[in-house]
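Structures for review follow.
Two complexes follow with subunit A in common, the first pairing it with subunit B and the second with subunit C.
The block that comes next holds the complex of A and B.
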């Protein structure tokens, strides 16, 4: 498969000021500031194929935004190589801008007091689009994102979900090959998130747009990405499919049992199995799959209970991510 | 050579179109709030008129200063208010450039296929600057004969005068690459420029003259263009043209040097 992003041994260091607490240290820092080198990105390598949907996740301060900024040409690396559609981002910034779209959830690009339509026209001008092609593209996106009824209202009067859809149109107006999204669903309600994910998948399917997304939302990862890269303190600690990600980091499964008879008096005592809830006709269990297999547990359960129904659920993605982040915090402490 | 010239002309034309488009939409955005729009423009015209009235009473009472009278003062204000108006109306972010740099705000402009500095400068308009511009135009129409020369020089003079002011804004804003947040220094330098460029030039002598021409280049931005509005002098015209172009080139060079120190919006500050 054609590689559209290639990153080799990428490093980024920042010089940061060290200031100890207290007035005395503030005074000292004023006249004799001390600096230290901070490694934000530490020797990372990965590649992304054309049309792939990659979630780039990690706890706060892991180096996600710094990496995205280097991929989009905003920052230049301390060392290492990046090629985005065969361009070196910080050297070919203008050429690259025609090929990429960016959506930063916390940095809106729409004109606040004007209708979103005006920003689209401005972007058409910025990307030097032919008038007829621009109009065709705009109509296509307006229909796909279902924004026609509010696209002529001032942006300040739109809901966050409506605004984000318009932000997406602004980023896609020049038909970029790659879309970089930094926390695009932040602050959105469930319906707005769902709509946004649907159109992202649609754009990926119809136009083969490569999607590179950072998010703390497990739903984004599950509903959009087909591959996950986890970054922790500047280093890639996982790179693989969503399924492999779950296999590696999910340490339990949930078993829900509906019982045919009252078995409240039966005691279940299995190593690695925790009872989360129990009443006369139901039982909810958490199975530590590192200690015992689900098959073993079910065999045991069948021996003890009369089972009417059984449901096995994966560890929720949100919890997997929270777990990784917590481990990271503990390491820091 | 011909191909390169064509490319250059095409780039200039595209950027001109881009600036025009942005200005139009900046104005449209500002017009969303009618009272704010009209009041800012109107009160700036009143503000400038009051200053000029003060000078009128000053010269009525004390007479000319080394041959410098009310008419000369109007000429100075046509270029001081005019250049300030043009720059802040079209490049409304010029005054915020330092803040944009120190806050990592250039990130946004890097992701577009336009010159990021031009894009950052034009992405805002200062409404009161339109008042300055209207005032300068009214002052010219009311107090100067509308000859072909005066009209042409008004446009040419405004261009070079604005180029010097814009370059000064970029230069002062670029200090943020090295100094970080420096609002006080920024404000003092800009106030000095405006103060020096809107006062009688005849009282400026010796070291102060050197200072006003080569350190805070208000002299080239307003004194000489104002003198040229009254009488054409080839030497003064050449000084203005050469200085404004060289000053602009130096400023862009310094800005690009500073850009290497730009550290984006990742403000890392460790408290240990």
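The block that comes next holds the complex of A and C.
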């Protein structure tokens, strides 16, 4: 498969001024400033194939944003190589700008007091698009994103979900090969998130747009990405499919039992199994799959109880992510 | 040729969108621009007192009516420009400048279009309100089509020059972060060296000579004097000086920006 992003041994170090608190230290810093080297990205390598949908996740301060900025040509790396569609981002910034689209959740690009349509026309000029092609593309996107009814209203009057859909159109107007999204679903309600994810998947399917997304939202991972890269303190600690990701980091499964008889008096005592809820005719268990297999637990349950129904659920993605972040925090402490 | 047209057209489109944006609240536009009448009224009061003691009713070649129009014109140019230094400086300080790098336009070029769009619409509103009120009380300077054309050229160049000088000051935010003091200093220099409160003709000759060789004369005094006391030779020299300064500041901005943006690369992230 054709590689569209290639990153080899990428490093980024920042020099920041340090100053201890207090008046004396303020004076000292004035005459003899001290600096600290910080490694934001530590020797990472990965590649992304054309048309892939990659979620780039990690706790705050892990280096996600720095990496995205280097991929889009905003920052120089300290060392290492990057090629995005065969261009070196920080050397060919303007050329690259025509090939990529960016959506930064916290940096809107629409003109707030004007209808989104005005920004779209402006972007048509900024990306130097041919008028006829631009009009065709705009109509296509307006229909796909279902924004026709509010595209002529001032942006300030739109809901956050409507606004985000318009932001996406502004980023896709020049038909970029790669779309970089930094927290695009932040603050959106369930329906708006769902619509946005559907449209992203559609663009990926119809136009083979490569999607590179950072997000803290587990739903984005499950509903958009087919691959996950986890970055922790500047290093890639996982790179694989969403399924492999779950297999590696999910440490428990949930078992819901509906019982045929009243077994309230029966005591279940298994290593690695925690009872989350219990009443006369139901039981909810958390099984630590590193200590005991689900099969073993079910065998034991069948011996003890008369079971009417059984449901096995995986550990929710949100908890998996939270778990990785907590581990990261503990390591730091 | 087509490529150059597309490049210029993108900044002109930013200018147009900025004009539309400023027109989104027409009443607010009118209120915020009516203030010029107050300043002109106060200054004309001051000049009336000064002129009352002048036997020939002329100061440095300006009649009282001419002086009031002069003050109106300089205020018009100065106050039509929103706070350029603050606006660009804030974008640099907040790191938003970095996002412009991922778009196919120049950061300063984008603000050139967007700020001049706002400036243009403020200028037109103030001019309309001001002239409408002032001509009820004082006589317009003698104008013809050529003088109007000459004044328009001088004003356009003045607004562009003011943008470029301000943008150069604001780019210092790459190093000093907060450019508020820079804005304060530039404004005061413009007040005195640009001839905001009184024409440069009232200064001693040696000072006038020095000021003629600085860019500030081309921002306020030059266009205002062309409007009030048109003189072809002066206008030609003015336009030449304005053009040279515009060229110098474009080069300066390119150098300062190229150095400054490296700073973002070091501190960003």
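What we mean here is this: the second predicted complex is superposed on the first by the 333 of 333 C-alpha atoms of A that agree within 3 Å, B and C clash if a C-alpha of one lies under 4 Å from a C-alpha of the other, contacts with A are read in each partner's own complex, and residues count from 1 in each chain.
Simple rule for what comes next: contacts are C-beta pairs under 8 Å (C-beta built on N, C-alpha and C of every residue); 3 or more make two chains touch, one makes a residue touch a chain.
Because the structure is a prediction, the values reported are computed rather than measured.
On the superposed subunit A, the positions of subunit B and subunit C overlap enough to count as a clash. Legend: residue contacts after superposition of the two complexes on their common chain; A:20 is shown touching subunit B, with no touch to subunit C. In the overlay built on the shared chain, the residue A:114 is in contact with subunit B and with subunit C. Look at A:122: by the touch rule set out above, it reaches both subunit B and subunit C.
In the superposition on chain A, A:40 makes contact with both subunit B and subunit C. In the superposition on chain A, A:94 makes contact with both subunit B and subunit C.
Contacts of subunit A with subunit B, set against its contacts with subunit C after fitting on chain A, overlap at residues 14, 16, 40, 65-66, 69, 72-75, 93-94, 97-98, 100, 102, 107, 111, 113-114, 118, 121-122, 125-128, 154.
Partner subunit B is touched in their complex by these residues of subunit A: 14, 16-21, 36, 38, 40, 65-66, 69, 72-75, 93-95, 97-98, 100, 102, 107, 109, 111-114, 118, 121-122, 125-128, 154.
Residue ranges on subunit B touching subunit A, taken from their complex, read 14, 17-18, 21-22, 25, 28-29, 32-33, 107-108, 110-114, 116, 119, 263-264, 266, 268-272.
Contact residues of subunit A toward subunit C in the complex are 12, 14-16, 40, 65-66, 69, 72-76, 90, 93-94, 96-98, 100, 102, 104, 107, 111, 113-114, 118-119, 121-122, 125-128, 154. Residues 6-7, 9-10, 13-14, 17, 20-21, 24-25, 96, 98-99, 101-105, 265-269 of subunit C touch subunit A in their complex.
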